[in-house]
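Heads up, the next two complexes both have chain A, just with different partners, chain B and then chain C.
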Partner chain A sequence: MDILAFLTDGLLIGFVYGIAAMGLTLIWGVMNVINLSHGSIIALGMFALYFLFVSLGINPYIGVVIVAVLGLLLGMIIYAVAIHRVINAPHLSTLLATFAVNMIIIGLGTTAFSTSPRNVDFSLGSATVGPVTLLGTRVVAALASVLITAALYFFLYRTTLGKYVRAVTDNRAAAELMGIPSARVLALSFGLGTMLAAVAGGLIATFFPFTILSGGTYELKSFVICVLGGVGNPLGALFGGLILGTFEGIIPYFLPTSWVPVIEFILFVVILLVRPTGLLGAKK
Partner chain B sequence: MNRSRQLVVLLLLTVLVLGLSVSAVAAQEQTVVIGFTASQTGKYNVESTRQINGLNLWLNQVNDAGGITLSDGTVVTFSTVFYDDESNTDRVQELYTRLATEDNADFLISPYSSGLTDASAIIAEQYGKIMITTGAASDSTYTKGYSLVFQTYTPASRYLTGALDLLASLDESAQRIAIVHENDKFSTDVSTALNDYALELGYEVVLFEGYDSGATDFAPFINKIQEAAPDAVLGGGHFQDGSTFARQLFEKTVTPAFVALLVAPPEPSFSELGEAALGIVGPSQWEPLAQIDASAAEAAGVDFYGPSSADFHDAYMEAFGEEPSYHAAGGYVSGLLLQKAIEDAGSIDTQAIKEQLDAMNLLTFFGRIQFDTTPEAHGLQIGHSMMYVQWQGMADALDKQIVWPPEAVTADALYPIGGE
Partner chain C sequence: MAILEINDISSGYGEVQILWGATLALEPGKITSLVGANGAGKTTMLRTVMGLVKPKGGTVTFEGKNVSQLSAHAKAEMGLVLVPEGRQLFSEMTVEENLEMGAAPKRAKARFDANFKRVYEIFPRLQERRRQKARTLSGGEQQMLAVARGIMAEPKVLMIDELSLGLAPVLVLDLFHTLQKLKSEGLTLLLVEQNVQMALAVSDYGYVLAHGKVDLHGPSRKLINDTHIRSAYLGM
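Take a look at the complex of A and B:
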């Protein structure tokens, strides 16, 4: 059997997992908030792209840009309404606040869209290289993920706002003393996290069918990836996504596919025990 | 009393007697409540919606025709109570208990799918309600000692075996088959029976693997299929995963000579896949193309009951503006069987109706109906048989044709899928 075909499929989906996890790890790293609404925001990204494509006839990749803007705004609104007032409370409060947001989104989403599967019927064709068949939509999603990672790094390390975000991440009190408006920076950070989740959802919707409940699977994977790559480390998230994708790709080469989640979660526990800061290290 | 006065008194008496008769008849009307759950949301939404459409069509027709007159003169009409089960087993048990206890449903119709039906059948038996199951093919539900649960569909053990007979008739040199199926009760039962049958026929099963319900990424399975290079791929599960599987096989340009998938291909909306649907075979419980009517019953030496296939097709088209699938036909026939049993029993007593269902052996537009009455598999469908359809023609104008069994064929099977 040719392992290359298995590996390629795994790596391509791994890039998108990385983007989804990057949203989670950014919020976790900057704000110390575990965002339990991450999965439902991924699902909202899927639905936003679906309606932009089906109802307005917008090309899915232009749709992803619109989904990104909507995701950013939604995140800032969620921060203002649900997170800001409990940001300094114990972890359990922020955990419950984001869980409540998750339940609200799923409840409203189920009422509005039902839990029936949707499908963005869009294809970019495929190209066969040796034993590997590359699907256009997956290749574009992987390239988009690399671009988004680069853009995030440019933002964090080459702009003043990005510097503010890093300053608040390192020491919020000191950043405030330096005149950085931490509340606005935190709102922006939460917005960026949800933007990445929504974009990941939009990209996934271009090749997989989905329901309003589909985000849960990707949220779970995001947690594994965050631990793999190091909590609060965006590049680590992409790296973790690629590792997870590789596992998902090559495990079926050796074993029945049903072993994939078993091995993924064994890996999760092993990393937590052996290297709790993740493979690339947690945020400094 | 003069003659005109006598006439007036006679008229008054006549009116009084007529009035009393009318009120007596009115008092003998009874509404029978049929309870069920529908998957208005969740993964079974497509199939379940059509099933319920079919049931509602039957109910409206029988009520519009004035209902059923029982042996004591009572006229029975039907109403329904139903809930959305969200395609969720836990919800099903809770809701069927509610239907049996709080809503006092007289009879129950199963939800769609074997898993949900298995969960609801135990409730029907527990509360002593007759349940006609439809959209549920697993054999195992009927081997649990139930006495009030009756199956409409051809059971899972005979669901996909005909596809192998078709393959054998098309290509005697085909030897290697891959079975990739959903890991739910129905699909696993079908695939296990298929695997046994394949080995019995001397096929080599080069891949036998299940995928999780709700799976959306079939790439690992398609890579395995590509590597195993089988002559045929069989399996699938339900509409959503089956459609996605067929679509991804096409996208990855993996086209075995023969592909047969459960549930999805017979659905009219499967053709929306375009070229990805071309050549895919699917087992169907009923097809509008198969003309089943009273003359077919005469040839088979059994009674015919209910509308002909064409009449059902036209009525469904008129009511819902779409082609009926076998799920719709299954929904309709579940009500029809209940109607026949009530008519024959002349009552709505559970025991009397059970006896009529046990003795039933007839032909409907849906096919032959007869139930196993042995304690080992009471209620299992033993009369009905599957048909196999295939999407043929051009990608933008696909036609569904019956390609097996030989006596029902409407077109030669397209083989191999990609052409020679």
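Take a look at the complex of A and C:
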């Protein structure tokens, strides 16, 4: 297979990784919480899409929209139950709180779904352009990711509620003084972050098999991407996703696939050493 | 009747108590000043009134309602607005967006267009800079924006913490004149100042805070001639 084919594959998936990482980076940027339940929420997104498709026969792309709504609600509930009470506590408390949520989801998920792999048997066919074969599901997932990024930016920069999110990010106390209900804005932001994670999971489920434990891999990728793109910077997350996707595409061309995480994490460490604010630089 | 009454308020941070039963009242349509040395508890007073710090004792009454336990955003919604010390702008947002954020309360949204025009009239400089991020403004412009953002909230009582801090005296005078204009339009103001002389010069009534209590209070004109104040705070 031609290297161009590897590259295209990686790039298309990179868009979806970007969406997943955007969820992580949004929550970090707004409230300085590292969401360790990120991976399990990605996995829940996969399962939600799976059941909508297999049990209810809903088209996966309509399914993704439903997954988005469910992800938003789930995130707001998680915020209210687990995060809000520790939001002003030291980082260790929020890490443990989100980790606890992670363990609960994985425990319940393992009981309910077992850990045998599932896959969404759905195809949009493929198109061949020169040496490159484009899988329909991956092209649609990439386009959806671009659309979601655009929608997120529209929300943050053009709507009042989105501006509230930015105001709370910028200065929570001042936002509160100006009459912005900061706790509700934080809940919404956490919901948006989990929504992005769930949607990324749903999109990934349309082309990779998965179990309830699959989220962990994507969570780690999200961390690498956040560092690549600059923590707290959604557009950076998309670019970081593309960079990571490219690596994932190209590395197997030269080396056994098992080298992929090795190289990814070497990259992670090197960037942290050289440019701790990320390649694209965070705003703070 | 006072529009804002702070009655026997005690407050602090953790084990450290800062306010020890301070009492003051704001007459509607007047400028009241709260002065005192650094560390007297002025900022803590404002933070407690707004609910950013929960009072340990005492009550805050706004328009006859006990608001002691309300959150800051709920008070802003009612028209009790603080321009905090150090400006606390949304530094990564534009001037215009900062003003828009000031208008978060429902009462303010209804008057958005009029207030927007009004703050640009009062501070034409902000209109010139409306697309700039707040952090790129000069200190004086940032203070203008902080006050303008407060006005956008359509306050009934506007409390300003250290308006004069770090600003050139000419600019401070300008800002004080603006505040007097706002007063003539019916706004109630509380100025919290280290700059005792200037604060007493523009206000109608003054409170002197020392060691977490109100040490002295009275019409500003009287306080400014008080020998104790002249020696303790004005260096005369």
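Throughout what follows, the second predicted complex is superposed on the first by the 281 of 284 C-alpha atoms of A that agree within 3 Å, B and C clash if a C-alpha of one lies under 4 Å from a C-alpha of the other, contacts with A are read in each partner's own complex, and residues count from 1 in each chain.
In this section, a contact is a pair of C-beta atoms (placed from the backbone, for glycine too) under 8 Å apart; a residue touches a chain by one contact, two chains touch by 3 or more.
Here the structure is a predicted model, which means the values were calculated and not measured.
In the superposition on chain A, contact is made by A:163 with chain C only, not with chain B. Counted by residues of chain A touched, the larger count belongs to B, out of chain B and chain C.
Looking at the shared chain after the overlay, A:55 reaches neither chain B nor chain C.
Of the two partner chains, chain C is the only one that A:171 touches; chain B does not reach it. Contact with chain B, but none with chain C, is seen for A:252 once the two complexes are overlaid on the shared chain. Contacts of A:182 after superposition: chain C is touched, whereas chain B is not reached. In the superposition on chain A, no contact is made by A:88 with either chain B or chain C. According to the touch criterion, chain A has no shared surface contacted by chain B in one complex and chain C in the other. Only residues 1-2, 5-6, 9, 13, 110, 114-117, 119, 121, 123, 126, 128, 131, 133, 135, 208-211, 214, 248-249, 252-253, 256-258, 260 of chain A touch chain B when the two sit together in their complex.
Note for the complex: chain C touches chain A at residues 50, 52, 71-73, 76-77, 81-82, 84, 88-93, 97, 100-102, 104-105, 108, 149, 153. By the touch criterion stated above, chain A contacts chain C in their complex at residues 160, 163-164, 166-167, 170-171, 173-182, 283. Contacts from chain B toward chain A in the complex involve residues 40-43, 45-46, 86-87, 183, 209-212, 216-217, 219-221, 223-224, 226-227, 240, 244, 251-254, 272.
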